[in-house]
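Below, chain A partners chain B and then partners chain C, in two separate complexes.
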Partner chain A sequence: MKRIGQAAAVAVTGAVLAACGGGPGGGGGKISDDKVVLAVLNDQSAIYADLSGKASIESVKMAVADYKAKYGDKAAAKEIEVVTADHQNKPDVANSKAQELYDRQRADIILDVPNSAAALAVANVAKSKKKVFMNIGAATTALEGASCNKYTFHYGYNTYMLAQGTGDAVTKDGGKNWYLVYPDYAFGQDMQKSFTSAITKAGGKIVKADPTPFPNDNFSTFLLKAPGLSPKPQVLGAMQAGGDLVNLVKQYNEYKLKDKGIDLAVGLMFITDIHSLGSDALAGTKFSEAWFWNANPENRAWADKFQAKTNKRPSFAHAANYSAATQYLEALQRGGTDNADEIVKNLEGQKVNDVFAKNGTIRAQDHLLLHDAYLAEVKPASEVKEPWDYEKILKTIPADQAFQPANPACKF
Partner chain B sequence: MLQQAFNGLVGGAFYALLALGLSVIFGMLGVVNFAHGAFYMLGAFTSYVLLDSYGVNFWAALVVVPVALGVVGIVLERLFIRRLTPLDPLYNFLFTFGLTLILQDLVKREYGVQSQPYPRPSALSGTLDLGLFTYPAYQVFVLGVSVLVCLLVWFVLVRTRVGMVVRAATERPELTRALGIDVGRWVTPVFGFGIALAGLAGVLAAPMRAVNPLMGADLIIVVFAVVVIGGLGSLFGSVAAGFTIGLVSALGNYYVPALSQTLVFILMAAVLLWRPAGLFGREEAL
Partner chain C sequence: MILRLLAGSARGRLLLAIGLFLALALPWMIYPPIAMDIACWALFAVSVDLLLGFTGLLSFGHAAFWGSSAYVSGLLAVHVGLPFPVAVLGGALFAAVIAVPIGYLAVRLSGIYFAMVTLAFAQMIYFIANQWRDVTGGENGLQGIPREMFGVDLSDSFVFYYVGLPIVLLGLLLAWRIVRSPFGRVLVSIRDNPSRARALGYPVDRYRLLSFVLSAFLAGLAGGLFAISHGFASLQEVYWTTSGNAVMMVVLGGIGTLWGGVIGAALVVQLNDYLSTSEFDGIGIVTGSIFIVIVLVFRKGIWGTARDLLAPRLKRKRPGGAKSPGDDPAPAPAPDVNAPA
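And now, the complex of A and B:
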């Protein structure tokens, strides 16, 4: 009898809870804590601070302002807050900050997170907390491959896109033989694989691929070795990033490898790198670009608004943060709730055409944003008309070619 | 091959200059100057700022920057290092480490973490025909300056009275004092001189390396390995080890690129096992 009594009590409690709306986490057209919180977690003090950093918070705030202006009284999210944290490029810090943002600051979404290791850590947190994570800053394809999950989106670029544009285009332009130098850690090894496959697919050949120390300030050994390889490489493919890339390019110019018939192709180049080196040091170098602020009047108009707030020109990451935050808010508007499962459902398969993403689709199978990418070239200083006007867009790589087909290893 | 070896010497030139400064300071003051890398960075940054804002060219910077940093070093020694020297060596270690973080972050705050552009001086932008091979003129110049400075320091130490006092004070401070020589008087200029050497290396690095707030932090770890291999406080040892490490890492990059990163530290561990005082440690420092 006692048992039956207990069972009945449980059943009654369950019924009461169900009548009350299913307890916490239940869906049903509501905004949790009556407030939507967007969190920007990124590097605000070290290597990626200029690429995205604090200015990305402004981008997200711009997205919020535009959303409010667009929907006015009809906005599903009445109160929107933007919070932020610095992950210092450390995966462990990223992990604990992400937990803090989701739990204590009640973040509904985390944006940005450059640095692949940090991004993978945050993707794990998002998965266990069942909260949305839209990654912009990290390049690793693992986010939509073996490490993918239902709540994680990859928005902007990846190593496949970088290799596709640069590796394919330069090889087809006649740079058949490549000498690859890549920094010896996860990102560099990933880049080396992506480039090798893009180059061989385009009919080119890897003469040699050398790992280099990381970080490294002296690349002269590799640069001196290049002309002596057999067959002689026509292209030096540099997979370095940030300060290492600057070192390498300075020394590439010192050794005058260009005069010796070895062109430079850079795997990962951001507009901030061109600024560091001065555009003459890189003039003529081709590279993959996700977005350039001065490519068309629409981008420029947005860049002007951005500059008014931050006093600098936006990188692709700033524009992508704006776009991702906008897409999140639009999905929230469509579903009328900030419930993560609803948001995910509303984002999957979504077509995106905004200032950042052209012909964009958020692929449902792996949550990767496919969009048009570009092959860009660095202008010589004589053609640079105004500060930060360093790039010339050579061609558009259509969205379906710029990114990889969905990886079967990704299952939600 | 020959070219690669030469190449290693150029890389070693930076190690030698930095290690020499570290060693001079350690020998005279017994202070492990953790801020050495930060002063190297300041050397490069100051030349960038001088060029960018005041139009001071590379050649002037080559003189002005080390002198200015030397003065900073002197002030630093007078105000802080001196007060901490009688205490546990750990205090100066922590002080210079803290100083590094402050300097790095101040520069970061002002200029961000991106590298700043610095052009090569036009007189040295060509290549030189060295008979067996051609080589970028600027790098030959760097090697030349470094060797010259090392020789000059050697000459001053061995052939002049000042050098004699410094050497004596480095090796047997108590005894030197007993002979009526005011050791304390020499401590401040020697510290300033060590810092000036770091600044000089920084100026030399600006045209060929990335000028950013972290450039010193990346390099200083290897320089510490160099000093340990050469023998802490041994001036000749640090210079010799500097060039040797330059050679080893260049050849390591060439033959075993995957290992090159650890090669320096493997060498350090081996030297420590074999001669705990470093290769040249016993003769001069202990």
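And now, the complex of A and C:
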């Protein structure tokens, strides 16, 4: 018998690690299970952990605390819980975690979800479970395009906003001739198209657009030929992201292209990238920003509260998570229920003006949040007065120009 | 399965009964989508073990077969509307077909060179999937794969587990048949001593190629089912870390044991699942440490070690320690992956 016991013990080893959950069924009240559950599903251990990660959970908790403070006894949601899961930047993990959050943890909404494949997978889960999903971390316009659905909202930024801000604004400021280098995969190709249309619409010209391998360490071929192109480009538009961007910028500085009259504009950059690279390496680079913590006293006050909890300054994603959670709770308050269809009805067309979104509207046709975006420039180290104070806001791009018109491919 | 029940020893029968019971009870014990993941990864790990443990070839590019089948199964389900088992079979056949040229070139090498060549081919598939966005969706992935059969909606994960499980069990049965067949015996002899097998007149490369293709087919079955189960196929499926994950499961569970892959898969998938909600951000540190401990302390993996503990009792019971034909082969020594070609 002992032998059987051993064999069985080994065979069961794998099966016992996970705890069995599952709670009682939903109550009959207006708030399901008498509890509102906000779930933050994002990358807490891989490349997007700094941009959003665990600190976004704090943002959502701040939103919950502010909601409770604002409404006190009148709050429709008496008990609010914030739960979280780490998708490790893997779409399949995001997919099963999203199901689990909705089913087992009784989440009423999932927030964040960076990585476009993961975001689209979670959007499908939200659609089939008929629960609310507000995406913040992913940039793909497919979320409000062909892959849109009734329960999914895109909140914060997208590739169009990134391209529009930088391409349009830099061209109108005199950077007429562009040399674009873009990584040769879907994101890079999208960015290249968006930039090209933004630049030509603003009266600029694409001297040349070169695809680069992805991932890539060595950009010297492209950088060295830039000054010799005819007509000579005034702006180098780099669509690379993450590690590739770091390499490209370092090499751009080594070849002293700035001294040769070629400015650098970047398609996708976050304050966390500047923080890890050091602002001197990127000084003068122009890019689109959805929000900057030190842009005005209101942002700064919120950033101070955020810093007290997390020991760092917020990225736009942290602020957007706060704002999205707040808007969800406000919609819940207006309708007095956490029923997803009611919430969606209450969010559609909603005007948003809070610490994150200025002149914001949640567009009813495609559930994209339109709000003011900004053209930012990286300060040289000499002008950086305190940690994380890396950006100078050059101009505001009004909400109606910052985002694309509704895509007819999106039907709920 | 029936074959095994008839031919196996008492111990084999018992283990099989426990295994089957666990497989059937799994969605009651853990969250059904995770149970499905375990089943898929288990078959994937077994396919890697077929090569690593029974042919002595460490493939570091099995994500190519898992992933390409995921995409092909998904495309078949989305565009042709095939019922999902047919779509999965189609994906697995596609994986087997692309394994022919890859295997043809790779099996001439062994050890680290074989691993590198398979990795290189897998990366090629990765880049094709990344670039060919009209078909694969690029980094957005192939989304919205329907989970249905003959118009019956299978979106309930609990139901889908039981509909999908037979595919995994058939795959495992096939793997078991392969290693128990005369063909499998030749593979083991090639693993242990390729020169001698060649001297005995066996076309070593052809055997290795066939083993490679069969392994790719099994990996394809698993990958296709995985894609249908999740409703999408993403670049993650063809990325090298996926190959690495499968190898890790085999090593954890025990190389050359088949059962080991299943145990390794159950462990790794659940560990990942558990850690992702634990608010602990060092997932890699935990899985990595477990891996190191197992490799250092239990050289033969969990199942290999467990079987060693059982073996002396077995010998006492059967005089002479003779093994019945249906018994597991002797615990395989880890193949020397560093041996030059």
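By our rule, the second predicted complex is superposed on the first by the 383 of 412 C-alpha atoms of A that agree within 3 Å, B and C clash if a C-alpha of one lies under 4 Å from a C-alpha of the other, contacts with A are read in each partner's own complex, and residues count from 1 in each chain.
Everything that follows uses one rule, which is that a contact is a pair of C-beta atoms (placed from the backbone, for glycine too) under 8 Å apart; a residue touches a chain by one contact, two chains touch by 3 or more.
Note that this is a predicted model, so its numbers are computed, not measured.
Participant: Taking the superposition on A as described, I'd like to know which of chain B and chain C A:A381 touches: first, second, both or neither.
Facilitator: After superposition on chain A, A:A381 lies in contact with neither partner.
Participant: So, A:A49: does it touch chain B (first), chain C (second), both, or neither?
Facilitator: both
Participant: In this superposition, which partner touches a larger number of chain A residues, chain B or chain C?
Facilitator: Greater contact footprint in residues on chain A: C.
Participant: Mind working out whether A:D217 is in touch with chain B, chain C, both or neither, as first, second, both or neither?
Facilitator: It touches chain B, and chain C stays clear.
Participant: According to the stated criteria, A:G278 is in contact with first (chain B), second (chain C), both, or neither; which is it?
Facilitator: In the superposed model, A:G278 contacts chain B only, not chain C.
Participant: Check whether A:N124 is in contact with chain B, with chain C, with both or with neither, and answer first, second, both or neither.
Facilitator: A:N124 contacts chain C only, not chain B.
Participant: Pick one for A:S147: touches chain B only (first), chain C only (second), both, or neither.
Facilitator: A:S147 sits against chain C, while chain B stays out of touch.
Participant: Pick one for A:D184: touches chain B only (first), chain C only (second), both, or neither.
Facilitator: both
Participant: Answer with first, second, both or neither: which of chain B and chain C does A:P91 touch in the superposed model?
Facilitator: In the superposition, A:P91 contacts chain C only.
Participant: Once the two structures are fitted together, what part of chain A is touched by chain B and by chain C alike?
Facilitator: 45, 49, 184, 214
Participant: For a test of understanding, state which residues of chain A touch chain C in their complex under the given definition.
Facilitator: 3-4, 6-8, 10-18, 20-21, 44-45, 49, 53-54, 84-88, 90-93, 95-97, 99-100, 103-104, 116-118, 120-121, 124, 128, 140, 142, 147, 184-187, 189, 214
Participant: Touching residues of chain A toward chain B in the complex: what are they?
Facilitator: Residue positions touching the partner: 45-47, 49-50, 184, 210-215, 217-218, 220-222, 224-225, 242-244, 246-247, 250-251, 254-256, 272-273, 275-278, 281.
Participant: In the complex of these two chains, what residues of chain B are touching chain A?
Facilitator: 3-4, 7-8, 10-11, 105, 108, 112-117, 119-120, 127, 136, 138-139, 205, 207-210, 212, 214-215, 218-219, 249-251, 253-254, 257-258, 260-261
Participant: Which bits of chain C are touching chain A when the two form their complex?
Facilitator: 11, 14-15, 18-19, 22, 26, 29-31, 33-34, 37-38, 130-131, 133, 137-141, 143-144, 155, 157, 226, 230-232, 234-237, 262-263, 265-267, 270-277, 279, 281-284, 302-303, 306, 309-310, 313
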